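Pasting the structures in now, so scroll down.
Two complexes come next, and they have one chain in common, subunit A, joined by subunit B in the first and subunit C in the second.
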Partner chain A sequence: MARETTNQLSSRQPLLEVRNLKTQFFTAEGDVRAVDGISFDVYPGEIVGLVGESGAGKSVAVRSIMRLIEEPGSIVGGEIRFKGDLLVGFEEHATQPTKREAVLSDEVMRRRIRGREIAIIFQDPMESLNPVYSVGSQLEEIIALNRDVDEPTAREIAVEMLGEVGIPEPDQRFSEYPHQFSGGMRQRVLIAMALACEPSLIIADEPTTALDVTVQAQILRLVTDIQQRYDTSFIWVTHDMGVIAEICDRVNVMYLGEIVEQATVDDLFHDTKHPYTESLLGALPRPDTTVDELTPIEGVMPEAIDPPPGCRFHPRCPDAREVCANRRPDIREDPDRQGPPHWTACFKNDAFDVGYWESEPLDGKRTSRGFDAGGGERR
Partner chain B sequence: MSVDNEERETASVDEPLVRVSGLSKHFNNDSGFLGGLQLDQTGRIPRPVYDRSWVRAVDDVSFAIEAGETLGLVGESGCGKSTLARTIIKLLEPTDGDVLFEGQNLAAMSGESLRTMRQDMQFIFQDPQSSLDPRMKVGRIVEEPMRAHGLPASDPENGSSKSEQRRDTARTLLDQVGLDPQHYNRYPHQFSGGQRQRINLARALSVNPDFIVCDEPTSALDASIQAQVLNTMRELQAEFGLTYLFISHDLSVIRYIADRVAVMYLGEIVELAETEELFENPRHPYTNALLEAIPVPDPRASPSRDLLVGEVPSPIDPPSGCRFRTRCPVLIAPEEYDFSDREWENVRSFVRAVTRRAPELLDASEASIRGTFFDDSVPRGEAGRIVDRTIDRVVAEEWDAASDLLEQFTEKSVCAREVPRYTVDSEHGTGEHHAHCHRNRGAEGDG
Partner chain C sequence: MAHDSATDDGLTEDSVGTGTEPDVRGVESRVGAWNTLSQIRGDPTALAGLAIISVVTLVALIASVDYYLLDYWLAETFWVHPARDPQEVEILLPPVGLENDFGQGTWEHPLGTDHRGRDIAARLFYGTRIAMLVGFVSTVIGLVGGTLVGSVSGYYGGWVDDVLMRAVETLYAIPFLVLVIAFMAAFGRNLTYAMIGVGIASIPTFARLLRSRVVSVREEEYVAAARAAGVRTRWIILRHVVPNSFAPVLVQATLQIGLAILIVAGLSFLGFGAQPPTPSWGQMLNQSRDSMLPNPWFSIWPGLAILFTVVGFNLLGDGLRDALDPHIEEE
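Entry: the complex of A and B
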């Protein structure tokens, strides 16, 4: 793990800059604002976490970076820069979202960026592997396509990569098919595929969620090894705070399409600022210590089709006050902080001057039953 | 193997609610009458062979569940925990062994008597979506078990009909599991995942059972919702005096919900102790490995050190003696060879590397293998000669020959020769602590 202070980081150029990214899905029921104005950076050689519950918009966010959003969805706003190239960008004063000319074409995106520069690893390896081709030939194809080498060389590199990610007898397993691999081994194959073109950024979308803890531990160790050896950057998408604590350098916490807290991993866990992050940590059973009573977060996350007004977390927030129901906080840096920057989208943050502390606490807004009674109906 | 009546009467006072003894469930590998047919490719002409092997999903498992407690059952996927649970309540026919439920042997029961017993045992599955009929309204779903068991048994006293009585019960239950009784007429798809699991709870409770088997009930839920459902399950347990068998792969959840924990590996229970004792004083290397592997939600926690390598062996042909020995980081040295601790440690890591054909052995020279595994200490005598010959085979990439040579060490270990069965003293609490590892030899408690 490259746990650098952000002071060191800020002297370097970010590899990836995401600014005010908005991705929506236009459905019959209405517009789903899956990602609603998120901003974050990834610096060379760091592992950045994107954590949140299902439906928070994590996967849509990383797929937007790869420009893998399909109908009925589309990226409607914001800017994504990668090594100076504009992956996403819009004209400022247009009435309709209009792509800027500098934005890379689909062709360039496919040939130069995806796989070569930014690779993605999905949760279900079976979805990413073709069952009718041998594992090795799929890996070989990717290498031959992206690295301009001839077939025997590609094969050589492929076998080497399989060994690199800890697959025993790589030259024999090269010609085996995906179904002959266990879940953990398949995920290793995907990591090999991602690494094959030596990308500078790997996006991992819940790659260990379906695996057993012992296998997950092997994969996490593999990833931190790789990160150190190749200085690859990672965006690690997960709902598991344990995984975040184990491998990430900096973390973004997502709630209902927004990033609500952004901090170094140590600050996030030991100087937690946003009530959502705090509640999430309080709801976690712990493996390392006895917890007498979990404190669940009340209610369920609403759907992104009809987000609550004001702060999106306020209906479930234990600290909510009247101002939270009326005004929507953007994400701001804590002004009085020493040390690495810590951003929160909460009116409790001193960067806001909206009269939070003078505002009336929102009590009695919750049902007496609490929990997720009512609330979560789906259409 | 039924308990005679007199014994049952006297035993019922401190008999546990569920007693499982010597329970096994083996599956046949064939699916249909040509299922065992395979082609033997070893000869020049492939010939058909009939091979019927058995998957020993659950093998000789014994334990008890006391009334009112939660027994956690933890293990990796494929270890047999779901099969064990299903066999206990006889959703699967056991291959061997007994399950005494309230003193009566379920394994010997069938037909109507089993159906009546089922009223006292309910099951909650992992996926709250697929265990609810999408075309049935919630109220009807909750009432279904009552109807199936002919409840209420007699006409209600207040003059209402049985179906009105069932409806009242259903509404009360919806309220008790934390749902709005007004939602009686809604369909399952109108609820979120956490709410659906609550509907499952209400349905299970409708026949007033004593025992509920929960198979990963919160694994599909988000952390914040999981906490709600776990708390509700605890409240219901206190209110209805329920006994849970709670299956999970998540040790954190188990630590929160369980009173005692059983750890399963490859069809067997390897360790069983009170929760605090198991987490604070684990005495089986597999339990240790599991605990090491869980990521702790605290970046200041020390990162896990000894990771398990390799994968779970096939339950068709499980290792002799201790089933964990093929992956065990603390396999015991065979007495035949006079290994020093250091020598044996080196041999052990060499054996594990050869077994999984570790990358550091590929294309390695003799010198580099010696450097990697035996730089500080090499076994002498007969053991040293075996190591020499194995290294030669590894350099020649003759893996099977290398593995065969090394079996002279591993197969002679007590771990391969004897099935471990040990009870040790508890450091936390007063419960029994079973830890089936030969390392506990000589450290047994009075159990």
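Entry: the complex of A and C
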């Protein structure tokens, strides 16, 4: 695993900077704030995790990076910078893209960024390949499109790529159709397609969710292997803390369109700060501890169309107090910390001075959507 | 399937695939031209349709070569010229073996002669060329136009969709034949305009059919993947969206060829299609009106030819529909 020391990271220039990104969907029921002001960095050669429940806005966040958001959604704020180019740029509090510096045009975005610099692997390997063309010709298409090579060379590279991702007899399988591949094999093909143009960043949008665990393990091994060989950065979107522990260097935990905790993978697992992250970890079966029952997170995630006031997690949070229901925490770095930065959006964080510890616990006042005191004893 | 046994790190992935896999494979394996052909091979009605179309197409090809390249050389040397009045006029002879007021049917004119003494068999033979030409050309015009309109409309959606679809619906609201006749009244009465008119009038059918599929196919993940890989929009439509939406359009096109033949025969009957002396089935029907009683065969032969051809296309169309729609077999 390419786990760099985080001190080194901070001195380097980030590959991708996401600042206060906001993406909304304008539906008949109201505006859905799918992504509501998230910020994170991806440094060269690292695997950054983006973890959260379904509907937390993970996929929307990564699609926003590629500017693939479609009607009725649109990016409404924030800034995304990739290798110095501005992919998304809004002035602070402005609703129109900024004029002070050119945001890449759609044409440039398509030609220079998509596929060539940033590639994406989608969730469902069953659906991400076109059933009417052979696997090889689809791979060849991407190569011919993004690299300046002629057709025989593109074919050669395509066969080579198939072998690279561990497909046996790539020569023969080149001309086979997607339905002749199993799920794991298709996912390998998709990885080959993403790798085809040697991008600097690959976004993996839950690529192993549709696979069973043995195949998932193989794919994860392949990815870490590739990551080391090509020195590609990854953004790994998942809801599986196990996968995060397996491959990520740093992790962003998302809840209802916000990033609530941001830390290295070691810190996240061993020095968990945010109650939501704790809940996620509590719901994960672990071989090193024996528990009679896993602890589910009580309640369901509210709709992003009408997020709860105050801290968005407070209706489900076991540690919620009065102040959490009234004020909304932003994400802050722990001031007293030594070592790699660790950010949390929780009033328990010492960076906040809002009287959390003096505030009344909310336990008695919870609604049906909230937390049941009986099942909530953590750890 | 042959490759189910593919192994990976010593594991048989197939045995541990996702739960939906077998079903998905069952459906997806029915993709591809080769598969469609083998489906049709097992369907006797579709095979019958294919056989009829093959015969008719062959006849039309021979007639076309003779007409365009040899200027009726074949007919004049071995047979009877279909468009020129014969020297010794034996009008309205019955088919061989039958007798009427004008005489006895002979082997010289096996299907009889028309009101100007021309051989009906020869005219039928060369009329095939017109019928097939009309069927294919007008359908291709409708298919290309409809595909263009339908795919753009379905893929882009929004106001583009609204504008295009309202236009198409306006066209759809006008009765087919009225539209074609109006078109020919504006541009001229000949076969070319008949074909173009029928083609344009069939654009709405294709456009609406394709659009309805494109709207769902554009949401497929491989389309999103192509977009994310930086593929140009028109190339996505052409390569990824249209081929995956095309099956119902293909079926419709097959049926449309039959329909176009019928419509243009009707136009020729009304005097709007191929002009004399060019032999065409509809025009033969028209000319046979006055002599239907003394010689009913004069009108029966071209009628049979039209019926035969149109039935052929309809049978094949139905067979194609069964072969291309994975849901029908499940029922």
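The rule we apply is simple: the second predicted complex is superposed on the first by the 351 of 379 C-alpha atoms of A that agree within 3 Å, B and C clash if a C-alpha of one lies under 4 Å from a C-alpha of the other, contacts with A are read in each partner's own complex, and residues count from 1 in each chain.
In this section, a contact is a pair of C-beta atoms (placed from the backbone, for glycine too) under 8 Å apart; a residue touches a chain by one contact, two chains touch by 3 or more.
All of these numbers come straight from a predicted model, not from anything done at the bench.
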item	value
Subunit B versus subunit C as contact partner of A:Gly163, first or second or both or neither	first
Touching partner for A:Val265 - first (subunit B), second (subunit C), both, neither	first
First (subunit B), second (subunit C), both or neither touched by A:Gln218	both
Partner chain in contact with A:Leu280 - subunit B first, subunit C second, else both or neither	first
Subunit B versus subunit C as contact partner of A:Arg111, first or second or both or neither	second
Residue contacts with subunit A in the superposition, subunit B compared against subunit C	B
Partner chain(s) touched by A:Asn130 [first = subunit B, second = subunit C, both, neither]	second
First, second, both or neither for A:Thr295, with subunit B first and subunit C second	first
Partner chain(s) touched by A:Ser175 [first = subunit B, second = subunit C, both, neither]	neither
Overlapping contact positions on subunit A, where the subunit C interface meets the subunit B interface	166, 168, 182, 184-185, 212, 214-215, 218
Footprint of subunit A on subunit C - complex, ascending	1-4, 6-9, 11, 13-14, 16-18, 20-21, 24-25, 28-29, 31-32, 157-158, 220-222, 224-232, 239-240, 243-244
Complex contact set, residues of subunit A against subunit B	53-54, 163-164, 166, 168-170, 182, 184-185, 212-218, 220-221, 239-246, 248, 265-266, 269-270, 279-281, 283-288, 290-291, 293-297, 300-301, 369-378
Residue ranges of subunit B touching subunit A (in the complex, touch as defined)	76-77, 178-180, 186, 189-192, 194-195, 222-228, 230-232, 249-253, 255-257, 275-276, 279, 289-301, 303-304, 307-309, 311, 356-359, 362, 399
Touch list for subunit A against partner subunit C, complex	66, 68, 71, 110-111, 113-116, 119-120, 122-124, 126-133, 141-142, 145-146, 166, 168, 173, 176-185, 190, 193, 210-212, 214-215, 218
